[in-house]
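What follows is a pair of complexes built around chain A, which joins chain B in one and chain C in the other.
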Partner chain A sequence: MTSIEQQRAKDLGGLQRRIRLVMLLDTAGQAGLLPIPILRLHTLAYLSNVLAPVWDMPALEGKVLKRQGGPFYPALQHDLDRLVGMGVAVILGLDHVLDEDNRWRLEGSYQLNRPFADRIVDRLSDFESERRLATFLQELAFAVSTLSDDDFDQAMTEDATYSDPLIGVGNVVDFAEWQRRNYSANAARYFDNLLPGGARATPGEKLHLYVRHLHSRVHGGR
Partner chain B sequence: MINLPVLDRLDVTGYGLYPGVAGGEPGLHIDFNPGLTLILGANGLGKSTLVTIIYRLLTGPFDIPGLATRADLGNMRLTTTALSASSRAVFAQRVLDGGRSASARLTFKLGTHSIVVERRLSDLTLTHFSIDTNPLAVSEQETFQAEMLRLAGVWSFGDWVLLLRHLIFYFEDRRALVWDASAQRQILRFLFLPVETARKWTEDERAVLELDSRMRNLSAALYKEERALASSEFKAVAGVDVRQELQTLEKLQGIDQERLERLEGEVVEVESERQHGRLRVMKAEQERETRFRELERAKLTAIGARFPDRSETARYILAQLMTEHSCLVCDHVAPQAAADYATRIDHKKCIVCGTDLSADEAVVPATDVADKRVERAAADLNAVDADLSSARQSFDDAESRYQSHFNEIQELNSKISDRSRRIDGLVRRLPPAEAEMHQQRSELATMRGRVEQLRAELTTKRSAFRSFVEDVSRQLATQSEGIKKTFDGFAEGFLLETCRLVWAPQKARVGESGDLFDFPAFELEMTGGDFPSPVRRTGPEQVSESQREFIDLAFRMALMTVAGSSAVGTLVIDAPESSLDAVFVTRAANVLSRFAEPLRGNRLLITSNLVEGRLIPSLIQKATTTDTERSQRIVDLFSIAAPTAAVRQLRAEYEAIRQTLLGTGGGG
Partner chain C sequence: MAAEGDETNSLGSWAGADFAGTARANFGVGADADLPPDVRFLAGVAKLIRRRMAENGAESDPARLAVFLLEPNARAPNAEAPPKRVPMLDNGLTSVTGRLWFVSPVVVSGKYIELDEADDDALFAIVTDTLALGQVPAIVFDPRPTIPTVRFYPKGLSDLEKCNAVVISGADVSLQQIYEAIDKVYQHCLVTPEAQARAGKLWVDGSKWWPSKQAEDVVQLYLRAGLTTAFPTCTVRHEQTAVPGRLDLEIEQSDPLDRGKITRHAVLELKVLRSFRSSGTTVSPTETLEWVESGVRQAASYRDERGALAAALCCFDMRNEHTGEKCFEHVQELANSLIVELRHWFVFGTSEQYREFSTSGG
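Up next, the complex of A and B:
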């Protein structure tokens, strides 16, 4: 690949991430999750990656570094910064805080700046694959909106992939880059086996059941 | 849970190396009280021999072949075999009379049981063995080894020997456990898994290894036979062309297969480089984000001090412009605008309208402080940017090595398979063979079928073993937090850097072929001069010698504390001062003393030459308060052991150093 092609691929990757971010924020808004604090947005992004196979879609990012405080994607944060600069997103309550490892991170909550964002969302809805993606993200956002703020913040301690004890903090959680070890999607799919009368759950139902399962685990259920 | 040996008493009698204190009881007698016991001597007085005697009392005349050669355990067979006659005579060779009447007796505990074992030093023969004062038959394998396994809670004598060599005894030729994934995997297996599971692991792994070996041997034999047959066949054919082509193809096939084997052998290393490369990039990206936010915060503060409007978005955009030189509004790189704003800040002017604010007394001091913070944060960010860039470069290199490796393996496989078909085709074109060749072909077909059958069996066994390893790794991972915390407790007293264990399963092959398995293991992360955040240290060469020794020591102590049934154990360290940086000596003494606090019940046995430095005084000072206590904790080989020529001639000098180190009234 030439350097021009590499740059183009990088730009396209960045654009793809920004589009998914706009859609994440849009669907989060429909589910009443906006303004959404930064770490929760990163968690939502992680869930949209790890649960994408339930919707028969590829994960946009197949790996994440396991941190004590939950998933955090530096590239996605950079894209959020860009969206703010373009006026597509707005950051509220901007602050810098020290996290549990005594390291600086940004704090604040994001929401879409509707006049600019709507133009993008409207155009996206003209395309079949983006409409499909939007439906998935919408179901995911609705499922997640049933969690209280505290439960949301603790969800990653119970997510089957992120909390896999075989991966220690400081290591790579790789569920779709070099290997296919997606216990979360497997767990969501497993709910098919639990429905009475041999009925099959829809992908949306699987997302809701998986989030309900997270909630139950957070509260000590098995 | 496992029971670790806790030493109580050692008696060595009739051995020329230790005649005993003049006027006292002949021989060497040590009571290992809870806490420290210091064996003090000089070269040739038998410090290391003493440690080896204790080790051999516990292993008997058995060992795992190759264990002491510092080799990677890898796929080594971990079963014990009897020592050779010369190895059994190791103590006999040190004295004139061959140790004919010498014996050593060790009293120690395993859990709640008190055990006494006595051996002849001339050949390590067991002469007495009792448990809780009940004498047992003096049979090496039937009683001694069987009882050690039962009381310690391990299933094989090989595990018992590994436990002694990798946890309890800290020999000079030791391998650092924290950087030895293959040894860690074995230690974690028998320390933290139930006996039956630990046994199943070893047996299943061995079954895979044996099958792999059989399959490969048969495969190699088949290949050889096929070549021999092809050679006979083309000798029988008149066509020179076919013969030459077959010869050439056979030769190329041999070269490619050799190359393929070599590449497959390198897969673990190439894959590991790639994994660590990716991890380093991801951690550097997180670090960069942190540093960037720190600088952004500093700039926001600097800008905020002059900002007439409180619009958060605008402030945020300006901070980004000045931090990254990129405009979030139009996505262009705008160094000039950034410089302009910086100039306004430098000249104490409003960043938006340029109004001179220098007269505003309230603003100036705040801005000065904020500006200095910006400079510091900017320097930090630059350093991290350089690290990120180097991490990306290393990862790209590792990734490209991996890809080229992988591509070459694929290409070779495909070439070998194509060429195989061509060779078969040529062989088929040969004239009808004689009866013997027909017979050979038919035998080879059977052999080929057998290779395929073995390969299928191996795949099934590997798959079952993979699931088993994954299950037990989960069980082991539940212990990892406890081990990490205990390690932190020991390491923080010694290291000034932030140092932590990370649960990081390592890839390894079982056998010489097949896919890689993820085996349980810890890795180490540590900060350093160039690394403000902890980074993975994947080999002992990535830390200093002092750090290396004590990180490994802290790791062993943590494993013993968490695994031991009553969190009590013994640590035997031969000559620790040799690798210690002078400034770390006091810290080392602190860590060792913490392990050896008498209330914990641990036994810490240290041998040391009479060398100047702070280690011995610090250890003694922390372990004792009175002369009596001191004499109980110091085993003075100057008065017990047969003096060497150096000791005889320089006794006064040794005594002077001893006085300096221990003060008057030292042990005896």
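Up next, the complex of A and C:
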């Protein structure tokens, strides 16, 4: 790949992430989750990657560094800050906190700046692939809206993939990059054969059931 | 119980988890993801109210209105009483009356503010005037009459004339009621191309009687939305895999206290009858007769396999000749013996055809 092609691929990746971010914030808003704190937004982004196969879609990012405080995508955060700079998103309750690595990072909650963002969301809805992605992200946001703030913050301690005891903090959780070890999507699909009366679960039901089971585990269920 | 397998199916640390318990407790949530938001909102609120009314202790809930708004981002009339969030609203454990609810279309979680106004008009004014949310789809649950009422305002509380009563009693869903619901869908969405939404057209060229290749899917989607609206406490499933094949629609209802306990009211086999394919090639009358007969047998098989209470073959006739129920003559005896009901709706290729038929005594 030439340097020009590499640059194009990088630009395309950044554009896809920003589109995903706008959609995540839009769908979170329709689920009543806004303004959404930084780390919860990263958790939602992680879930949108790890559960994408349930909707028969590829993960945008197939791996993430395992941190004590939950998933955090530096590139996504960079894109998010760019969206704020462009006026597409706004940050509320801005503050600084010392993270687990003893580094200062921004804290705050995000939401879309509707007058600017609506035009982007409307344009995206013209594309079949983006409509499909939006439907998935929307249902995921609806499912996640059943978690209380505390449960949301605790969710990654029980997520089937992120909490894999074989992967320690500081290592990479790889579920769709070099490996195919996606316990979360497998668990969601596992519900397919378990509905009462022999019904087959729809993709939407699988997302909701996964999050309900996650909730149950956060509260000690197994 | 889940078991560990190879990495492609492994459940990791979730192996051995009680997945079945979760599936049973939350059966049906998210099954309607492809339906319009207002239909999901109606079904979600109806199921929630039915569930709440069945809970022990619900009889001591305040005898005041509950107002649900399809607006997930809550607004409060005054800053001193911010909205309170209920993350698992759909479990039916939270009293809903005497409160103004802000919910998303799935009604699995919500935020509320207390409604202190005893006067209904003042309460509605909070929504329309104070909060300026009079255009937002709303559902009002009134527990005060002997038989509590639920009213759906699809255009919001600013348009009180546009109001539909909602049945939440969970009474039997008969085939007759199902046909009435299909009649409404037919009249509003199917009868002529003008009635069909741009994204859901049944015809490639109605003037030539060329149906779309996706006609069955389009009919199915319209019916799912219409049947969910008519029976909001039921779940209308489609394309369920059964031993005899894939059934088209089934209408099932969960027990309000035990979602895993299901009554399957009916299975519906949908068939589109054509004179032409989407490309214009003809479909022979023999093919149509065989198509109808296969529908009768499928409906009976699916009903028996799924344990449903009733079965019907619903034909949407897109042929160029209106012959009424004649398409069923050759299967009437078979249908009687298999206890499958037969119904027929004629779909016009153009509104001119419809007018001509209507004015000629059809």
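A few comments on the model shown:
Going forward, the second predicted complex is superposed on the first by the 220 of 222 C-alpha atoms of A that agree within 3 Å, B and C clash if a C-alpha of one lies under 4 Å from a C-alpha of the other, contacts with A are read in each partner's own complex, and residues count from 1 in each chain.
Criterion: a residue touches a chain if its C-beta (ideal position, glycine included) is under 8 Å from a C-beta of that chain, and two chains touch if they have at least 3 such contacts.
Note that the structure is predicted; figures quoted are calculated from it, not measured.
Of the two partner chains placed by the overlay, neither chain B nor chain C lies in contact with A:155.
Contacts of A:34 after superposition: chain C is touched, whereas chain B is not reached. In the superposed pair of complexes, A:165 makes contact with chain B and with chain C alike. When the two structures are aligned on the shared chain, A:112 is found in touch with neither chain B nor chain C. In the superposition on chain A, A:47 makes contact with neither chain B nor chain C. In the superposed model, A:142 lies in contact with chain C only, and not with chain B. In the superposition on chain A, contact of A:82 is made with chain B only, not with chain C.
Of the two partners, chain B and chain C, it is C that touches more residues of chain A.
Contacts of A:196 after superposition on the shared chain: chain C is touched, whereas chain B is not.
Annotation: chain A residues 165 touch chain B in one complex and chain C in the other. For chain C in complex with chain A, the touching residues are 2, 7-14, 16-20, 22-34, 72-74, 85, 87-88, 90, 102-106, 108-111, 237, 240-241, 252, 259-262, 264, 306-307. Here chain A touches chain C in the complex through residues 29-32, 34, 135, 139, 142-143, 145-148, 151, 160-161, 163-165, 179-181, 183, 186-187, 190-191, 194-209, 212-213, 215-217, 221-222, going by the rule given at the top. Within the complex formed with chain B, the chain A residues making contact are 63, 65, 67, 72, 74-75, 77, 81-82, 84-87, 90-92, 94, 96, 103-106, 165-172. Of all residues in chain B, those touching chain A in their complex are 275, 278-279, 282-283, 285-286, 288-291, 293-294, 296-297, 300, 312-313, 315-317, 320, 327-329, 331, 470, 473-474, 477-478, 480, 502-505, 518, 525, 533-534.
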